[in-house]
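In the two complexes below, chain A is the common chain; its partner is chain B in one and chain C in the other.
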Partner chain A sequence: MRGHFNYLRPDCVTECLDMLDQYGNETAILAGGTDVMISLRTGVKKPRIILDISRLPETRQVEPYGETVRVGSTLTYSELIDHPVIRQEFPALCAAMGCVGSLQIRNVGTLGGNIANSSPAADSIPPMMLRDAEIIIQKKGSSRIQKLEKLIVGAYSNTLEPNELITGIILTKIKKGYRESYQRIGRRKSLSIARINAAILGRLNDSGVIEDARISVGSVAPSPMRMTNVESHLKGRKPELKTILEASRMIAQEIIDLVGVRHSTEYKQPAIAGLALKCLEDVFLDSSVN
Partner chain B sequence: MNLEIDFCLNGSEIRLSIKPWETALDVLRNQSGLTGVKEGCGIGECGACTIIIDGKAVNSCLILAAQLDGRKVETVEGLEVDGKMHFIQQAFLDKGAVQCGFCTPGMLMSAKALLDKVENPSTDKIVEAMTGNLCRCAGYVQILEAVREATCMKAPLNKDDVTNS
Partner chain C sequence: MTAASIKEKQSLIGTSVPRIGVDGKLNGKALFSNDVAPKNSLWVKALRSELAHAKIESIDIKDALNTPGCVAILTAQDIPGNNSFGIINKDQPLLAGSKVRFVGDPVALAVAISEDVAELALSKIHVTYTELASIFDPEESLAPGSPFIHEKGNLLGKRLIKKGAPELAFEKADVIIERTYQTTCLEHAYLEPDAGYAYFDSDGKIVIYASTQNPHYDQADVASLLGLEADRVRIIQTNTGGGFGSKLDLNTQGFLGLACYLLKKPVRMVFSREEAFLCTSKRHPLKIKYKSAASKDGRLLAIDVKIMGDTGAYASYGLAVVSRSAIHATGPYEVPNVSIESVFAYTNNPIAGAMRGFGVPQVAFAHESQMDLLAEALGVSPLEIRRRNALRLGSTTATKQELTASVGIQTCIEAIAPHYEAIRNKTNSKDSKKLKGVGLGCMMYGIGNTGTQNPSTAQVELQSNGGIVLYSGAADIGQGSSTVLIQIVATELGVGAEKITLVNADTGLTTSAGATSASRQTYISGNAALDAARKLKEAILTEAATMLKANRKKLYMKNGNVLDSSGVDSSVSFEQIANKAKREGRPLKWQGFFDPDTTPLDPETGQGKPYATFAFAAQIAEVEVDILTAEVTVKKIIAAHDVGKAINPESVKGQIYGGAAMGLGFALMEEFIPGKTVSLKDYHIPTFSDMPPVECLIIEEPEPTGPFGAKGVGEPALIPTAPAILNAIADALGSRIYSLPANLERVMKAIHSGASKMKFRLNQ
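Take a look at the complex of A and B:
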């Protein structure tokens, strides 16, 4: 059951970093609390201090900057989904955020929390990976920026130190002619963690040939992963149904090769292929019609 | 090691002395006596503990009482005014959307958060707002019908409010 702890709520990032510097090792950061409150209840986490970062003004803004947008780490899914810039620039991320839990969970859960929790099934991570996501991490006296792929090193594991705070996420805006899609399979539509999830981003050139394709698949390996072989296979080809089908089977095969054949393979292999096909169709087939 | 928190609860400013590890659910039930806030699962999956904070439906089992400080909090107890049921409560009765009643307070709060924000929500919006609330007996069809009915009742009631004031 829930142990006893102190509750601290800093008013600004500087104060927060001071507190982390002093008490980081015995502290659990709480943003929306949708992961932390469960760990406190089960006793998986027994911090001496809970540091509530949900009201830090510096982490609650969306700031477009040239080709990129800097997204504050403690904005909730609901706030982001309702934000005009986020809606316009990040359709796949919006679709992914719309899949998280329930409205009650989206009303408090944050993007920073999803990243720091580093679940293999995190909905927001695959679409952010495709937008060159860079994570802004601060500690007392210094800050660093790390690519999302590098930050997450395994299931529920990342490079964050106990005295570090994610303050924001830098995402690249959607470029002209690009389309993207996010799909997931869960046991039911809401309140279920993704069994498989995928984001695909791509662009056709003027002659209808695939010029760029980026694929990120979650839930199947310890952390969401880019499918670079399939990406290069697609580039330079026309998005005919045959090619798309082939690519979706390649994605499934590559994942099965990686995780090994298990009792679930018979279900997972066609499910992954089907999911990938849906994404690839969204991105490449619809656009070739236009 | 108690903490003092000040917040607005169902329209009244209050101050409570709480323990840092207590949830909003614990404190609302045990200190404020608002037992309409139900604990079903305790892990954010059933919605029985739904309350409204600053206009948004949230699960009070996943929120620390300390987080209520400075917020505007609404529970099912705040729905009835001067002995008169809220129109969403009336719609739930009219449509037979209550059986054992355990899920009902949470359902009502999710519906209220939606209708406070959206004038005339689509069926998709209603479903989106209600899927975080589970019911093991009455049936979702009646519940969704009740929310739909409540959206229709809302407009005339608002006019009453204007003429009364």
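Take a look at the complex of A and C:
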């Protein structure tokens, strides 16, 4: 049955934080609503208050700041994909956001919402993890900044308190010589949740040796994960096909070792390796661009 | 008939007259069954079993009745008539009385002032059950000692077809291929979930507005449930947002009729998507054991096919699927020796019923895979083996029906042949991680119900203003039958389509046209409408001959006038004719009738003439398989369909595009898992981005008994697509998938078991 609730729409962050301070425990925060509306309908969430944060001006800006860009949390995927700075600095994130649901969903869904929902299959999270994403979290009277990896602690689970609000995301700009790639597998070509997704960022030095490699894989564990062992394994090597293949298999093996062999392993193990290979080839083997 | 008169006659035949009512669908003004109820209607909601198989010990409705705003709680004991319905077997209770047989079986209804109150009331009904052992597998269901789901036992039905001497043929064969194929439950996923509205009219009739494919059947079964004469119930079909077979069942009509009858108040009901998923019928999952024998020269010698079907908790259209899957197991090929056995059992799974193709899409997956396997074993091309075996004039089918006309499969194959060769000869892409493949799928499909009378009727009336009214019981559920019927009548009477007013699918105003199913409305109701139009035409010409004092044989109709072709400059309008006939008391409303020429099948051998005519098709699918991720992309579909005559070519193409999309879903992604699949969030149907370009090749081998030569295309459109895609995947990978859907997991498995074409391997 449809629940009954009060609807509040603050005009600024301060007002919003006041409301959260007062009603946080009985509130569902609505930005784009692409997750909240579904849980309201199914009855998974029965809040007394819906707090609509979609029109807080302070959370709707993209602000470059030195080596970083501060991205407002309630900007929609479509707004971000169309934003020149985001397009320029975050190609893998743009590719990932372009895979979210359908155009209708991208027109209302927000980057902050994707983080707060903390789905294991969130498209935007792997590419953000590679850019040292830090999340700006505010509550009445104070604010904190937490690394994205630390914020998400499990499937649909994070460190946000009921009186807290994500107001922005700080992402590091792409550095010279870096390339990145985002790939995902879905059960159909659009409107599907990622079966597996991965983002890889890297750079070769002047002698063609891998100087930096960062790998994040989603939909395979309770939360998207960095593959630090494989990252260090790659550093200092030349990106020959053999090396890349080996790294792809290592990524898959490490994930399977972590989550255990299951019914889905027969598919997932080769598919993770295959997806990783696509990303690694994209980043390291075709260096003609950039 | 002179050539000129034929030409005149066919003026609207083969032209894409715009779809009747299309503007309302485009501008959103068309009213669907959930839009027609007035605000004061009471809401009806069903309480559904959460157990798969259980005895109902008691139902306590006291608390529920005390819910403010709840008007009534209805259970089986409130049903005044016969609490069992079903189009073929009446084995389904409207509300479960003694026991529930699947998760979703309705147990009680709440009628309340709002949907929310109705739901709240339902939550206060206390049902005490004793759980019974449940069965989810049809073979287990038929095993000795299995608990009975229905009193008569768990066998729904069996169809045997015997022709020639298959055992002998298998002994002499050069090649034998034996494989087992498995398909799954599918959800129809029509755009519009079921809904309806009912009220008592001033004559004391129960009027039910419904989203339905079969208003006259609904009328009979609702009346029987209520213990009333059929004419006390009137069913009016509203605009219907797709059906694909599921809206042949009584999904809301019975509940609405019951609540309206008992409370004498207007009532409405609408299913959520989840409810439609939970309780409406599904496609039958089939397990098909298929053995084929062929000679060295690539001719089919024999088949031995064993089909095991799961019909779920109730029969619905299950028996039709039992027979149709058996009859069509040969595919569009001449097979001299045949042994087919099709057995369907009840289980505690969701009801499986009619779904676009009645079992033929499932068996086509098997027979088309077999053809490719035979071709491979014999070293001939998939195209060639189909050419050699395809039915032709004079061929006999598995039921020993001789095909005497309109056998277009050879023409379909020849139409796609150059495209097939061209795709074959394209060099494979340089990207060794994306393998390309091309596959063929062929099919035949019997138009109309199987081996049984399934007539249609229609009336055509000339009104005093010269306008024509066509009355047909045929429900247009989006496939375009209304437009086709108008084109037929307009052409016969020499008027424009705009001169015809259609009254359809209203049991108060029309007589039965039978179900909108089995791809039958163009052929059967088209013929009934044509018959009525011809009779009216005769009457009009007779009147005109008298009025013009002319030779009746020289008269012809054009633009609402009767003219004399003998050079005399005289004419009389339909309006003048109507007025004169009316004054003199002569009838201007004529009844048409058509029942296809069929005979029942012999119960032991399956011999008989199940259908008066067959549609044929051949399709090509071109695919690309990403061997790193197992994703399949269908790049192109080319579809040749023998429709007899395309009365409205754009509508034919519309059916083919939609059928190809449904076939792609069947091939690659659709799977309804009982107990798990809840809604469109976990049931994937193809989106726009999954669909490749579809090229339609319309083949017209005229059917002499069809209206202007037409047959049907609704279900045929879907049938060859999945087999073509599966054959294309096998072509790409060098290894074959035997269970649908060919999802990521199955394709990955095939990638790792295939070898012949694989140029790139991750674990190299």
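Criterion: the second predicted complex is superposed on the first by the 287 of 290 C-alpha atoms of A that agree within 3 Å, B and C clash if a C-alpha of one lies under 4 Å from a C-alpha of the other, contacts with A are read in each partner's own complex, and residues count from 1 in each chain.
We adopt the following convention: contacts are C-beta pairs under 8 Å (C-beta built on N, C-alpha and C of every residue); 3 or more make two chains touch, one makes a residue touch a chain.
Just so it is clear, the structure is predicted and the values come from calculations on it, not from any experiment.
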Touching partner for A:7 - first (chain B), second (chain C), both, neither: first
Chain B versus chain C as contact partner of A:52, first or second or both or neither: first
Touched partner set for A:185, first chain B, second chain C, both or neither: second
Partner chain(s) touched by A:267 [first = chain B, second = chain C, both, neither]: second
Contacts of A:103 with chain B and chain C, given as first, second, both or neither: first
Set of chain A residues, in rising order, touched by both chain B and chain C: 2, 38, 102, 189-191
Residues of chain B touching chain A in the complex: 1, 3, 19-21, 23, 42-45, 47, 50, 56-59, 61-64, 66-67, 69, 110, 128-129, 131-133
Chain C - residues contacting chain A, complex: 116, 119-120, 626-631, 633, 668-669, 681, 684, 686-690, 743-745, 748-749, 751-752, 762-764
Chain A residues within the chain B interface of the complex: 2-7, 9, 30, 33-34, 37-38, 40-41, 50, 52, 54, 78, 101-105, 107-108, 189-191
Parts of chain A lying in touch with chain C, wherever the complex brings them together: 1-2, 38, 102, 185, 187-192, 195-196, 245, 248-249, 264, 266-267, 270-271, 273-275, 277-278
